[in-house]
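Order of writing sets the chain letters: A, B, C and D. Residues in each chain are counted from 1.
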Amino acid sequence: MASTAAAARTELAVKKKSKNRSPLYQGWKRFKRHRLAVIGLVWVSLFFIAGVIGPWVAPYDYRVGDFLAINQGPSLKHIFGTDNVGHDMFSQILYSVRSALIIALGATLVSFVIGIVLGLWAGLRGGIADVIIMRAVDFMMTLPGFLFALILVILLGRGYWSLILAIGIPGWAGYARLVRSLVLGMRNGEMVEAATALGASQAHIARRYMLPNVVGSMGVALAFGIPGDLVQIAGLSIFGMGLQPPIPSFGNMIAQASDNILGFPWLLYFPAGIFALTLLSFLFVADGLQEAFSPKGGN
Amino acid sequence: MAVARFIAKRLVQIIITLILVISASYIMMYYSPGGFMNSSIMATALAPLQGQNPVLYHQVMDQFESRYGLNLPLWQQILKYLWHEFSFDFGNSMQNPSLHISAQLKQTLPVSALLAFGSVVLSVVIGVPLGIIAALKRNTWIDYVVSTVSLAGQAIPAFVLAVIMVLLFGVVFQGILPVTGWGSWKEMVLPVICLAAGNVGVVARYMRGSLIETLRQDYIRTAKAKGVKYWPLVFKHGVKNSLTAMITVIGPQFAFTVMGTIWVEQIFAIPGLGQVMQSAFTSFDYPLAITSVFLLGSMIMLMNLLVDIVYALIDPRVKL
Amino acid sequence: MSDNLLLQVENVTKTFRVQGKKLHAIENVSFALEPGKTLGLVGESGSGKSTLGRLVLRLLDSDQGRILFNGTDISKIKKKDLRALRRDMQIIFQDPSASLNPRMTVGDAIEDAMEIHQIGTKAARQARVSELLQRVGLPDEVKYAYPHELSGGQLQRVGIARALSLNPKLIICDEPVSALDVSVQVQVIQLLRDLQKEYNLTYIFISHNLAVVEYLSDEIAVLYLGEVVEQAPADELFRNPSHPYTQVLLNSILKIPERPEQRQEMLSIQGEVPSPLNPPKGCPFHPRCAFAMETCRTIKPEQRTVSEGHFAACHLVDQAAGGLHR
Amino acid sequence: MGEPLLSIDNLHVKFARSEDEVYAVNGVSFSINENETLGIVGESGSGKSVTLMSSIGLLKENGTITAGTANFQGRDLLKMHRKQLEDIRGRDIGVIFQDPMTSLNPVMRIGDQIMEAMLTHHYAGRREAYDRTLQLMHEIGIPDPKTRFRSYPHEFSGGMRQRIMIAIALACEPQLLIADEPTTALDVTVQMQILALLQDLRRQRGMSVVMVTHDFGVATNFCDKIIVMYGGRIMEVAETDHFIRETAHPYSIGLKRSIIEIGHKGKEILPIPGATAAITEEPAGCPFAPRCTYASARCLQEVPELRPFGTDHQIACHHAEEVVSLVR
């Protein structure tokens, strides 16, 4: 018996317990190699910080319009210039970051929660529940979420909460389908079979076996989801169904800019530029996460 | 033939989905606070008349309600309405009752369909080769550029790009391409480019991903062992297999693009379905809104059906 | 047959629904197992040997038949009481890395089994993990490693340690060594044999490798298309194979010749294993059997005794002659 | 025996991994003669498959050939341009791979996949290639070739797909067939069918076959000559009869002793201690030394070269003579 222990020892050079061997750390190492993802992460964090402290830092109150300085180009007083009512564009953008974040995160959360619940239910329970939920997913997938959002906005109105629900509710199908496929893949796999053989309850299996292996893919889905919702919010405003002015939002600013683009182009540069850069950063972060947690790349 | 049976099954599914969508929208609008679907709008508009000449007021109201069948019980209203929708008799717009909806949509639907279809075709025609090049030249600067550009394309929404286009071709390069209106093919160029920008990225990234994955498969090594030359290997074995994965992306992309047309039409002032829908929704004109949802939905679902059939033709493992 | 049987499987049948058609995975299988003994389940892919293993553990529910473990019919009891019984029955898989959670260290994976059944305190469990790792021949530091850092042989030892952690009575070994290199294979097989002696474990050893099954098993059952075509004590089966399929199996195995003139000719039987979606009528092997007669095509042969404890499902088994007339 | 068909000399292959490098092949030399079946045996990681795959240009992306030559019909395959190699692969050298389930193109008819080699090498016109494909399909045992020509791989079993692989490899009547673990993924009865088919086809065509396998039983019964490889080097080369009568290398002996066969019940099996580990530094001395019970200091520093050991038998071990006397 001793010979096998000795033999096993020679093959194995296992270092002491250290955090730098966990799959999470391996994932982070792969994420860091994706330079654009890191830059994206920096911008996204800035965007979040702006969202939180924005209103206190903003030089001007978004409601106050300086009638003497209507439609001025970028200047020391107004670094991003002013719009046709004299609002300082820089402050407007800072406020819009907050409103965009609140709605986008809220909507993504709503879609995510509904998606996870229904996805897990369909994946774990199977049978009719699975069939019904999957038909519902197909139904939601046939028409673009934006259409449902429009109808919901009419029903619920254009306040923060109604916009969160309007964009959030139609967005659940993607997350549900992803969770269901992940759960189904694992449920028939040997890892869950082995845990069941150990006598683990379904709750224990879901918590300790399924969840840790789902988090990665969910993170990627969320990272793609948030920019999607940002676009939906702006899209609603362009359509005239978004946040009602005077609450500043990227959609309204871009819509306003497009009306008098020929005269005052800077009205477009800053809001559209920052908005696009933010979307791009989210996508880079998502791309980096995919690289870090992609099943093809191993864990 | 299996394909015919498959199409019939799918058409039934589409019809059921449409019925559900329209009934759901109808019910939602009926109970929506804006008095959207009952005659309250007309009642408020005619309130002064009620005071002066109640008889005339009631006559107009009855005539209005019967015209739109508002006095029937709800489920009957829905059935009647569904019957009209599916027989393409869309009735009249509520906002300006004289205007016949189907006439209005006859000119606008083809415009949006053309824009959406054009942009999907463009994104495939450009996206697929880009994806192939990026996959073959993996981890070189070409791959880096294509991946970054396609991500950027995805990041800039159609409406932002549209405004930039208006600025560029309206101010800087004035006169080369018309920035508003609709008529010859010239007006189509800019909007289609704006719509396709996002899609090209998605198509290219998917194509790149699935081709890289396919070229790692064992049957590619078998083809090499047969002495198959480089390009036939890449196309006959590599691309053919990865097309199936890529096609599944086209369906949802078409739905996404159709939404894009609404915004782009507004910025480029193109008389498409988007414009009609926008005014219908903002002014609570329910017949026009529901009909546009009906048309848009069927257009997207028919496109998805087309994608599934093409997928089944390419991949023999898929039994219809 | 002594009565203190650990496991009795009686007329178990299992079918799956596949695209609307019925797949006959297991057809009316019966066997019994005494404590401390090993039953070898041999058969090619599609024979249903893995499905049978999972039926015994109630990871799959059988359509009919009884499975008595220590006297209780586990195919009928509710899921909740089944969990208590799980402590006594465990399983080892062919691909150990697929059965371990990639996000859990090896130590946690072994400890999790005890945590599920709230055995002992945290410290007691940690000690038990070290003891188990040492027992299966792995150094103690392995408990900090993640599955992707270990070799196939080491992962299989972790799988065994985890199965042992609950002091089970029965362990199903589903092709435990097929994916390992030759030199590592032997080490794991010896480990399994030593553990059986030390803890009086009962094994059901599933494999397509007849030699390994012979080496470890006291009794062997040969499966073809979901049915047990022959069952006998190990040495009896190899000395006197009495079912045409068992004979074909034995002749198809290429041994390293002792002497040059013993090199085997490549002679093979015709045909392929029929699809379990529509198994042939009568004896499942008749389409490929050299001795097939008209009765074989219509009537399904029942188990006939060849000698004490040796059964074969073949019309040609002539009880008197003690096996097939060649 | 004429001039050897393929002779590989001093082949070295390295693989670059994210953190380190793996020395897969560390100086391998052997040759294959006409109308001969050579068995290359070894555990995983021994470099047996890499040796052959690199010689015909099928090396994975992260692999590089750092030294050596591979002469085939007077030309060095390793120095050839991709286009020239493409002409040889499929026409003069056929290849069969291990896993039939993934080695065929799922969206291409099997008839076309067999015909493709012939058309690529202009071996025959389209009409003649079609007839030849049907004939080949019949020869390898596919029922009703005319209709099955249009079937797709997913409609066949593992055994049938391996037969199709053989038809693809033999389409242009190659002189050499490389079989990389052709029956490892198959059941034992199906394995016998495939080996029987390969043997008949080989005898009819006088074709040379190189069989790469980890299964000693398959090698010693199917092949005329055996090469045992470990850690990217050749340990022993012998005619099969000599190999059976007297295996001389400690690794081959240890391996034969550790294989469980029918009739070994109750016999004590001695496993070789430890396991094969990837070589990540410049190899010095005999690769098997760390696990060899007869290893001496010399084995650790000096690489044992292949040297004759009786007729038709070569060995790469400093202490072969002592080992054999101890074991006899």
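Keep in mind that, in the parts below, a contact is a pair of C-beta atoms (placed from the backbone, for glycine too) under 8 Å apart; a residue touches a chain by one contact, two chains touch by 3 or more.
Every value quoted in this text rests on a predicted model; they were computed, and no experiment measured them.
Geometrically, the chain at the heart of the complex, using CA-atom means, is A. Using mean Cα coordinates as chain centres, the one most removed from chain D is B.
Centre-to-centre, using mean CA coordinates, chain A is 51 Å away from chain D. For this pair, chain B with chain C, the centres built from the Cα atoms lie 56 Å apart. Separation between the centroids of chain C and chain D, computed from CA atoms only, is 32 Å. Taking the mean of the C-alpha atoms as each chain's centre, chain A and chain C sit 48 Å apart.
Counting partner chains per residue, chain C has residues 151, 153, 187, 190 touching two or more of them. The set of chain A residues that touch two or more partner chains comprises 4, 7, 11. Looking at chain B, no residue sits in touch with two or more other chains.
Listed in rising order, the residues of chain A touching chain B in the complex are 36, 139, 141-144, 146-147, 150-151, 154-155, 157, 227, 231, 234-235, 238-241, 254, 257-258, 261-262, 265, 268, 272, 275-277, 279-280, 282-284, 287, 296.
The touching residues of chain C, when paired with chain D in their complex, are 44-45, 151, 153, 181-187, 189-190, 208, 210-212, 214-215, 234-235, 238, 248-260, 263-264, 266-269, 272-273. Only residues 43-44, 157-160, 187-193, 195-196, 199, 214-218, 220-222, 240-241, 244-245, 254-256, 258-265, 269, 271-272, 274-276 of chain D touch chain C when the two sit together in their complex.
The part of chain B that touches chain D in the complex is made up of residues 217-219, 221-230, 232, 236-237, 240-241, 244, 314-317. Chain D makes touch with chain B in their complex at residues 56-58, 82-83, 86-91, 94-95, 97, 99, 102-108, 116-117, 120-121, 152, 154, 165, 168-169, 171.
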